[in-house]
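Pasting the structures in now, so scroll down.
Shared between the two complexes below is subunit A, which pairs with subunit B and subunit C, respectively.
For the complex of A and B:
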C-alpha cells in the first residue's frame, strides 16, 4: 500500500481539481438562468419578456385604414413596396391615438439614406449622387414621396 | 472618406481587431514554443538543453497567465466573458477556447511545474520564514513526502503530463490559427495551412524567446552561459525555422499560383500597405536574415563570442519577424474590402483601452510575472551546489 502513500500528494492535487469542478458546478447552478436552454441556446423566459414590451410599429395595414389617400397614391407608384413606417418611423403610438401628431421626415436625410449611389447596391436600383443631383433643393420639390417617379407628375 | 481608398463596405472601414488581437496569438505562440522546448528535454531526453528546462516552463506559465488579457480588454463587456465557461456553445470555436486554455493552464503547465518543483517547494517550506513559508506550505498541498519513491512517481507522472502537453500545446496554438484559417469569407486568412504555420512560427518565437531570456538572465546573475546548451537551442531554432519558412513560402507560392479572384487585391496590398511589415520586416529582416545568421553558425566554426552575438541578433530578429507575421495576418486581413474594390487604413491609438500603451504594457507584464515566478521558484537547482563549491 506504500504506492498509495507515496502518491498521496497526487491525490491531493486531483482532489483540488475535483473541488474546483464542484465549485464550478455550484456557481454555474446559481448563475445560469433557470430557463436557459428551454428552447435553444438562450434564456427561454426572454421570449415572454420581449413579447411583453410595448409594440412600436403599427404595420402598414393599420395606417391604410385611416390614410387611404396616401395608400392609394403609393400603391400606384414606384414606392409601392416601401412600407409607411420605413419612411415615417415607428408610429404605433400615433396609430393608437391620432392626436399624437408625427413629425414629417426631412427628405434630404430620408431619401439619401436609400438612394445615395454606392457600388454595393444592385445596378438596377435607382441611385443618385446627392452632391450633384440638384443639391440644396429638397427632394420633394420635384418628387412626390408617395409616388416618386417623374411620370407621376412631380411634386403635388 | 478618411484613410479609405476605392470602395469599402461600411462595416469594413474601421478595424475591429486591434493591435491587442495581434498580441494575443503572439503571446500564446511564445507559450506553446517555450513549452515545446521544455518538452524536448523531458520527452526526448536532450540533456544539453536541460539548463533551460525549468526556465522554459516558467516562461510558458508567465506568458500564459497574460494571454487572455488582450482578449478580455478587447471585449466591450469584459464581465460577460465567464459566460463562455458557464454556457458554452458547442459549435463555436471561440467558446471552446476557454476550455482549451484552462486545460493547458491547469492540467498541463501548473501540474508539470508543481511535480517538477515539489521537492524544492517542500524544502523551501521548511527553510523559509513568515508569509513566504505560508505560501510554500500552501503550495505543498499539505504533503511533505519527498521520499525517493514519491519523487520517482512524480518523475514518471511528469513525463506523461509532458507527453500529453505536447499535443495540448499544439492544440492551444493550432486553435488560434484555426480561428483565422476558418474564416471562409476572408481570403487572406482562409487556408487550412494557417494552424500549421501558426504552430511552427510559435515554436520559432518560443524557442528564440527562451534562448534570449536564458542568456539575459545568466548575464544578470553574472553566471557563465552554458554554450553547449545555447548551441543546441540555436540548432533547434534553425531547423524549426527552416520548416516554418518553407511552410510560409509554400502558402505564398500556392496563393500566387492559384491566383484566385482575391489575388489582385491581396497582391496590391502586399506591395503597398503591407510592404514594410510583410516584405521588409517579416520576410527580409525577420526570417531570411536570422536564417542566414543561424546557417552561418551551423556551418562555420565561429568563436564563442561571435556565436553569442549572432544568437542574440538572430533571436531578436526572429521575435520581431514573428510579431510582424501576426500583425500581417490580423491587421492585413482587415485592410482590404471583401468586395476587392478598396482598402482602408489602420490607425493605432495610443492611450485608449486597445491602444499602443496597453499593448506595450501587456508585452512587458509577462516579464514581471516571470520575475516573480523565478523569485518564488528558482529554476536553478545548481545554485546551492555552486555556492557550496565556490
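For the complex of A and C:
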C-alpha cells in the first residue's frame, strides 16, 4: 500500500470528478428532449408535429367523390388538367362540413389571371386582351369554365 | 448480491447511458406513412408555366405565410440578347444580365410584357430540398434537418432564430418569421404529402408546371421524364444535391 501513501487527495479529486459527471448525465437527461437523436441531430418528434398540421386544400380526389358530374364535364374539356381548387380556392373546410358553402369565384377576375394576353406567356397558351374582348362581361356569360373549348359545346 | 461503493460508482453512469437509449425513440405520428419508403423532390416544367401566381397564393393560404414573405415565388426573366438576328450580328451575350422581375413574388401575376423582342420565361422558385443541404449544416442547435424522406424541415420549437440558415441557403428560400421570430421555409407541404396528397402549389397549378415527385417510387412518372428530357438543377456547382428539377431551364437563370 506504500504506493498509495499520501494519495488520498487524488482519490477525493477523482470522486468529485465522477460526481460532477453523474450530475451532468442527470441534468442532460432532463433537458434534452426524449426523441433528440432518434433519426439524427434533431428532435425526431418534430417530424410528427409538422406532419400533424391541418390541411386547407382538400385535393381534387376529395372533391370528385361528391362532384363527379362536374369532374366528368371537366375531364373531356380543355380544363381537364386544372384541379378544382386551382379556381375555387382552398376548400378542405367545405369537404369536412358540406354546410359551409364556398363563394363562387368572379370569372371576370379569375379567368384573366391565367388568360390575359402577354408576350411573356408561352405562345401556344390561349390568351385574350380583357380590355378589348367584351370588357366588363363575366367570362362565364359565353364560356363554360368546366369545359371552355369552342368545340366542346361550352361556348355559344 | 453485494455491491461495493466503487462498483456502484461505475455502474451508475453505465445505467444512465443505457436508460437514455431505452427512452429514445417514440413511434411516428402518421402510422400508415413509412418515411423510409419515400425520397421527395419536385419537377418544374418551365415551358408550361404561365406566371399566374396560383402557386404563390395557394402556398400562402395553406401555410399561413405572412404578407411580403414567400416559401415559393415566381420570377419572370427577359433575355433581350435572344434570339440571334437573322443577319447574325447579334449573338447571345452572357455579359448582358437578364431582366428579372417578381412583383410581390408574382402573387398577383405579372404586368403585361410590352417589349415583344427577346425571350421571356417564368421561373417558379422554392426550397430545393437539397440532399446535402447547406442550411441544415450551419444550424448550431439541431433545429433544422433533412428528414429521412428527404424533406428539409425546421423544428420551430427548437429554433433560436439566429438566421444562420437564412444566410447559408444559396437559393434564398428561408426567412425569419416576423411574428414567431424563428426560421420558416417550405416544408414541401409535409402535412399533406404524408397523408397521400400533393403539395398546395402543385394542387393549385393550372398547367401542371409543378409536379411533386417521389424518387423512391418506381412507378413515379419522373423516372421516364428524367430519361427523355434535359433537366437541370439550380447552382449545380455548389453540389447541394438539389431535388428541385427544372425542365428546359435557360442558362441565364441563377
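Here is the rule we use: the second predicted complex is superposed on the first by the 103 of 156 C-alpha atoms of A that agree within 3 Å, B and C clash if a C-alpha of one lies under 4 Å from a C-alpha of the other, contacts with A are read in each partner's own complex, and residues count from 1 in each chain.
To be clear about the criterion, contacts are C-beta pairs under 8 Å (C-beta built on N, C-alpha and C of every residue); 3 or more make two chains touch, one makes a residue touch a chain.
What you are looking at is a predicted structure, and each value in this text was computed from that prediction instead of being measured.
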{"item": "Partner chain in contact with A:120 - subunit B first, subunit C second, else both or neither", "value": "both"}
{"item": "Which superposed partner A:16 touches (first subunit B, second subunit C, both, neither)", "value": "first"}
{"item": "Subunit B versus subunit C as contact partner of A:31, first or second or both or neither", "value": "first"}
{"item": "Superposed model, subunit A: greater residue contact from subunit B or subunit C", "value": "C"}
{"item": "Touched partner set for A:55, first subunit B, second subunit C, both or neither", "value": "second"}
{"item": "Contacts of A:41 with subunit B and subunit C, given as first, second, both or neither", "value": "both"}
{"item": "First (subunit B), second (subunit C), both or neither touched by A:7", "value": "first"}
{"item": "Partner chain(s) touched by A:86 [first = subunit B, second = subunit C, both, neither]", "value": "second"}
{"item": "Doubly contacted subunit A residues - partners subunit C and subunit B", "value": "36-37, 41, 118-120"}
{"item": "Residues of subunit C that touch subunit A when the two form their complex", "value": "9, 12-13, 16-17, 19-20, 23-26, 28-30, 33, 35, 47-48, 50-54, 58, 61-62, 76, 78, 109-110, 112-116, 120-122, 142-148, 153, 155, 157-158, 187, 190-192, 194-195, 197-198, 200, 203-208"}
{"item": "Residues of subunit B defined as touching subunit A within the complex", "value": "7, 9, 85-87, 89, 106-107, 111, 114, 118, 140-143, 145, 147, 149-150, 153-154, 157, 339, 341"}
{"item": "Residues on subunit A engaged by subunit C in the complex (per definition of touch)", "value": "15, 18, 21-22, 25-26, 29, 33-57, 59-60, 79, 81-83, 85-87, 89-90, 113-114, 116-122, 125"}
{"item": "Touching residues on subunit A, where the partner in the complex is subunit B", "value": "2-3, 5-10, 12-13, 16-17, 20, 24, 27-28, 31-32, 36-37, 41, 118-120"}
